[in-house]
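After this come two complexes, each holding subunit A, first together with subunit B and then together with subunit C.
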Partner chain A sequence: MLALQILIDGFAISALYGLGAVGFTLMFGVCGVLNLAHGGIMVIAALAGWWVAADYGAGPYGGAAIGVGVGVVASFVTYYAVIRPIQRSRAIPAVEQEIFILTGTLLWGIMLQVGLDYLFSNNPVTMQPLLTGVVRIAEVRVPQNEILIAVLCWSVIGLLSLLVNRTRIGKQILAASINPRALTLLGFELSNIYLVVWTIYGVLAGLAGVLLASFLGASADNAGALTASAFTIVILGGLGSVPGSLIAAYIVGYAETLTAYLIAPTLRPIPALIILVIVIYLRPQGLLGRR
Partner chain B sequence: MPGMLRSPLPLVLLVLVLAGGAAPLWLDAYYLGIFTVAYYFGVFAMSWDLLFGFAGEVNFGPTFLIGLGAYGAGLLNNGGWPMPLCIVGGAVISVIGGVALAVPALRLRGPYFGLVTLVAVLLLLDFIVIFAAQTGGEIGMMVPDVLSISAVVNYWYAFGFLVIAGVILFGLSRSALGLILQATGQDRVEAQALGFNVTKHKVAAFAVSALFSGLAGAMLTFYQGTASVDQMVDLSIAVQIIIAVMFGGRRTILGGVLGSIFLVLFDELLRPIGQLNTFVVSGVALLVILFWPDGVLGYVLRPREGR
Partner chain C sequence: MTIGATWRGAAAILFGLVALAGVARPAAAEDKTPIKIGIIAEESALLGKSIIDGARLAVADINAKGGVNGHQLELVVYDDHSSAADAVRAYQRAVQEDHVSGVVSTFISEVYLALEPWAARLKMPTITAAAASNLITKQVHDDYDKFKYVFEGWLPAPIIAQAVCDSSRDLFVDMLHMKTAAMMSEDADWTTPLDAAQADCLPKAGLQVVDHERFNPDTTDFTPIFSKIEAAQPDVIITGIAHVGVQPTVQWHDQHVPIPMGGNSGQATNPEFWKTTNGAAGGVITQTGTVPGVALTPMTLSVADEFVKATGKFPAFTGFTSYDDVRVLAEAMQRAGSTDPDKVVAEMEKTDMVGTLGHYGFYGRGDTYTHAMRYGPKDVTGVFMQWQDGNQVCIWPRDKCPNPMKFPDFVKTPEQRAAN
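This part shows the complex of A and B:
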């Protein structure tokens, strides 16, 4: 009974974590960018979606669409206003680019968080669920929305895998993650590929934010924690490895759900952090990371 | 070094130290209080710069070290220890914690190292909340003793500490240790090939950073009479330290002090716009990173050093 409840809740949460982390890891794998404004982008999408859905009568689906759109816009702004200037700057030595990107996106994430806090206050908002109603699975009441979220997350992840493995642009993305130099020599414009990746990233982060808002609720204050959890999942799974991130998302999701149900909700984040520390010390490249 | 001597820096520093020392003569208690906090922040920033600017390690957990110092000292004080011993004790706890974190973590590079330090802060935050009975949880922990009740004396303590920490950290950064750290930050393999024990030097840097962070955290606790999560452990404090160093100029040590004073004064100036001031400060720091990545002090110093 309780076990089934944990199994179902954990599955939905983990799927959501996975969706959020896949974009993050794709971004690192292809563009070499660790975007610490990740949580900020998720939250701006969530709040924008909630706002148009509630105040302008766009309804849950309209709100979700607008939210995803805002996620894409926020992702482009991150690329053009923060990442590109750092990558093109002559004053920043190449070896230090990584730490500048970390600090730059960290600051941009704080700006998003504080700006949203100012506009929408930090009360968590819950978006109208996409589906209302409840189904019973062997005595456990499960909101249909929770099932829809899990299905949506996995469909999007499946679509992404089709895109990367089966389409022309997907193969270019894959190639860019393996050897960007060779790709340029073959006559492909690398910045176009990066733009596609940032678009995909915006869609994934935006959708994850919107779904999060309709499941657990979202507020500006969450931005930091969301970034930290995506970062945790991605490092645990291995930087740049999409399957690794998905496995890690399930480890973290279930560790949190088990703790919340069986020990105490306040201890929720701790086991995942301890697992992470142990894994990093024993296997620094993460579960499925390449070295 | 010769470039340093030819530059007006030592003279400027002397004037600044004299001006800072004489500040109680013309500043009222309110502004002395502001500068007192800024000076402790300056020490946080300088300690962080030793790791970031010189060793090239992004430590997202400076507040782990500060928090260990602050809460360690506070707990000892609540246990009946006299205040000076508590400050030393807090610093010792911070160094032990820092080395315990650094020894395994320094096997990791770049983002992995950053994440482990970040996780250390998150765990410390969680433990402070779990053991709320002893630590006061999110409200903060009162300590029985205070440094002084006089704003001027408190200012002197903070200023004296800032100057001593500044001299030691700046000296270290210009010593062999600083050079080796800088070399490892730029090319780890080559530094190793030259026969330097990279890990040993980085652990030493981490220990020094922890020592001063812990001392500053403990002193700040006794200045304010409380150790609080919001002011010493929260990640937003780490962000402010990062902003202070980036703004003032990384790899200059003293830039962190400049950045801290700028941050605290800016915060006062922007008080009328309330909540939005963090937005503006982060924005300004982002612009500085994008357009003057060497920061204010770096921008002033670098050309004269012939770089």
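This part shows the complex of A and C:
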């Protein structure tokens, strides 16, 4: 029974980690942007969704939809207000762009966190669950919402995979991640492709934030930890690799769940960090990394 | 005397008068200088915000009645972000640059413990609105002359534990016929003595402790913790949480954990808790200062009304403690006729004041919890409340709060379990 419980809980939490990290790694793989405001965007989506659901009676689905919408808006603001000015600046040498983007998104993430702290306080909030009630799976009591979250995460990841592999724009995104210069030479407008990636990223981060808030709760103070968690998973899986991130999400999710159940809940974050250190020593490019 | 000497004499007198006036004028102005009180708390945290709001109300009320010894009170508010380093910097600034005459501060024990040596070093009367670690008063007790400037404006953890055991005997053992309990606490300074005292007094109250889970305050997934507790089959979960609150409550509700939760849940004392948990708080029991509609003293309801008028909502319990803490400082200064720290401390020790939550006084030098708030039916006990249908309902002490308990359907009391 304990094994089944670990299996179920680990699966749900890993799916959520995976969803949160996929957008982060896609962004780096295609646009070369390590967005350190990632946690801030997840949290702003969660808090906005909670706010309209709680104060304006939007209901769990309305709140979730608005949360995802706010995630997309936050993503565009990050692109146009932080990333584009750095990329277009003539004062910043091309070789230093990445470090400026890192710094810029880090500061933007802090601004988001402090602003949300001010508006919503740092006490966590929870979105209404999309489904209420529990089901029993072989004596293990599982909230229906937890099952729905795992299904939703994998559905969205599946849709993303279809989009990238089966559609014209998806193939352009893939090409942009492999050889952006060649794509430009073929007459494609890279900035349009980047805009699509930022939209996809906004949807993924927004949805991850909303689902996280309905499963574990979210507060402005979580922003840094959420960025760190996505960063850990992406480094472990290999920067820019979507399958690598998914594998890493499950390694981290199950390592944490096993530790919490079998050793002590307090030690939950430790094994993921140990695994990360070992991977960085033995395989610095990550599990499926290519650069 | 020559004319020149006369002139010189007149000039000297004139100079003397001008000099005297020059000295006298600022002295007279200084007489009317406001007395500054420093408030150090985290503005973004709901418990911290209530500390600031409570202090503001108290200062407005005191100033409306003429201030302290003819001086108006003035608040200087510092945001410590619940960080010990920020709090210490704010404290140094408050005392050395802003020249405050007393400090009301933080609800977090770790932060208040960092301020304690500075209160001793800078000789500044300082009182916490809610920090509960017993180390705070232990230092005062062990080295009184050095740490006598430090006061605790709420109950220390071992006494909070006593209140938990007293209420558990009435509510869980006598009324619901429970026999076992699991303790579930965040790993923090205030819960170490709380857990030790509860482990000692719960069995005496009739609840055998069958499990004890301590967890990192950064924990977000409580499923493994509830799973372990459920495996031990306790009748009730006694919580010791304040850094966390929303997440364990919502997960307890969403996972239909069938065991009631009582004890201390700091965030559940906040009137917004129902909203932040989307109603998952239903059935949760916690100790708090007071709840809407309960008149613990003649002041409780009127101050609560003032809060609602000023801020639009009923405060967390730290709003009341902070209100009373400012009054304790102000009344001590009034009686001392001065802001001299030693005289103010001596008068604070004599505090015998009707506060918003009970009768205020502090334990003395010879008592175990020197300078902590006195506990007891004639002093302060706090109340235990339960969230019922969106309302904070007072359920203990039973003489003041005879309301029945009400749990959500998924929670099973021993009798309900036996009936199934």
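Operating definition for what follows: the second predicted complex is superposed on the first by the 290 of 291 C-alpha atoms of A that agree within 3 Å, B and C clash if a C-alpha of one lies under 4 Å from a C-alpha of the other, contacts with A are read in each partner's own complex, and residues count from 1 in each chain.
The rule we apply is simple: contacts are C-beta pairs under 8 Å (C-beta built on N, C-alpha and C of every residue); 3 or more make two chains touch, one makes a residue touch a chain.
These numbers come from a predicted model, not from an experiment.
Once the two complexes are overlaid on the shared chain, A:Ala3 sits clear of subunit B and of subunit C alike.
With both structures placed on the common chain, the touch criterion links A:Val95 to subunit B but leaves subunit C unconnected.
Look at A:Ile13: by the touch rule set out above, it reaches subunit C but stays clear of subunit B. Look at A:Asp117: by the touch rule set out above, it reaches both subunit B and subunit C. Legend: residue contacts after superposition of the two complexes on their common chain; A:Thr232 is shown touching subunit B, with no touch to subunit C. Judged by the touch definition given at the top, the superposed model places A:Val151 against neither subunit B nor subunit C.
In the superposition on chain A, A:Leu162 contacts neither subunit B nor subunit C. When the two structures are aligned on the shared chain, A:Thr266 is found in touch with subunit B and with subunit C. For the contact definition in use here, the residues of subunit A common to its subunit B contact set and its subunit C contact set are 117-118, 266, 269. Subunit A meets subunit C in the complex at residues 2, 5, 9, 13, 54, 117-118, 121-129, 132, 134, 141, 143, 145-146, 216-217, 220, 222, 225, 256-257, 260-261, 265-266, 268-269.
Residues 52, 56, 58, 104, 107-108, 110-112, 114-116, 118-119, 122-123, 126, 129-130, 186-187, 235-236, 239, 242-243, 246, 275-276, 278-279, 282-283, 285-286, 289-290, 292-294 of subunit B are the ones that touch subunit A when the two sit in their complex.
For subunit C in complex with subunit A, the touching residues are 42, 44-46, 49, 187, 213-216, 218-225, 227-228, 245-247, 250-251, 254-256, 267, 270, 272, 275-278, 280. On subunit A, the positions that touch subunit B within their shared complex are 34, 82, 85-86, 89, 91-92, 95-96, 98-100, 102-104, 106-108, 110-111, 114-115, 117-118, 224, 228, 231-232, 235, 239, 266-267, 269-270, 273-274, 276-277, 280-281, 284.
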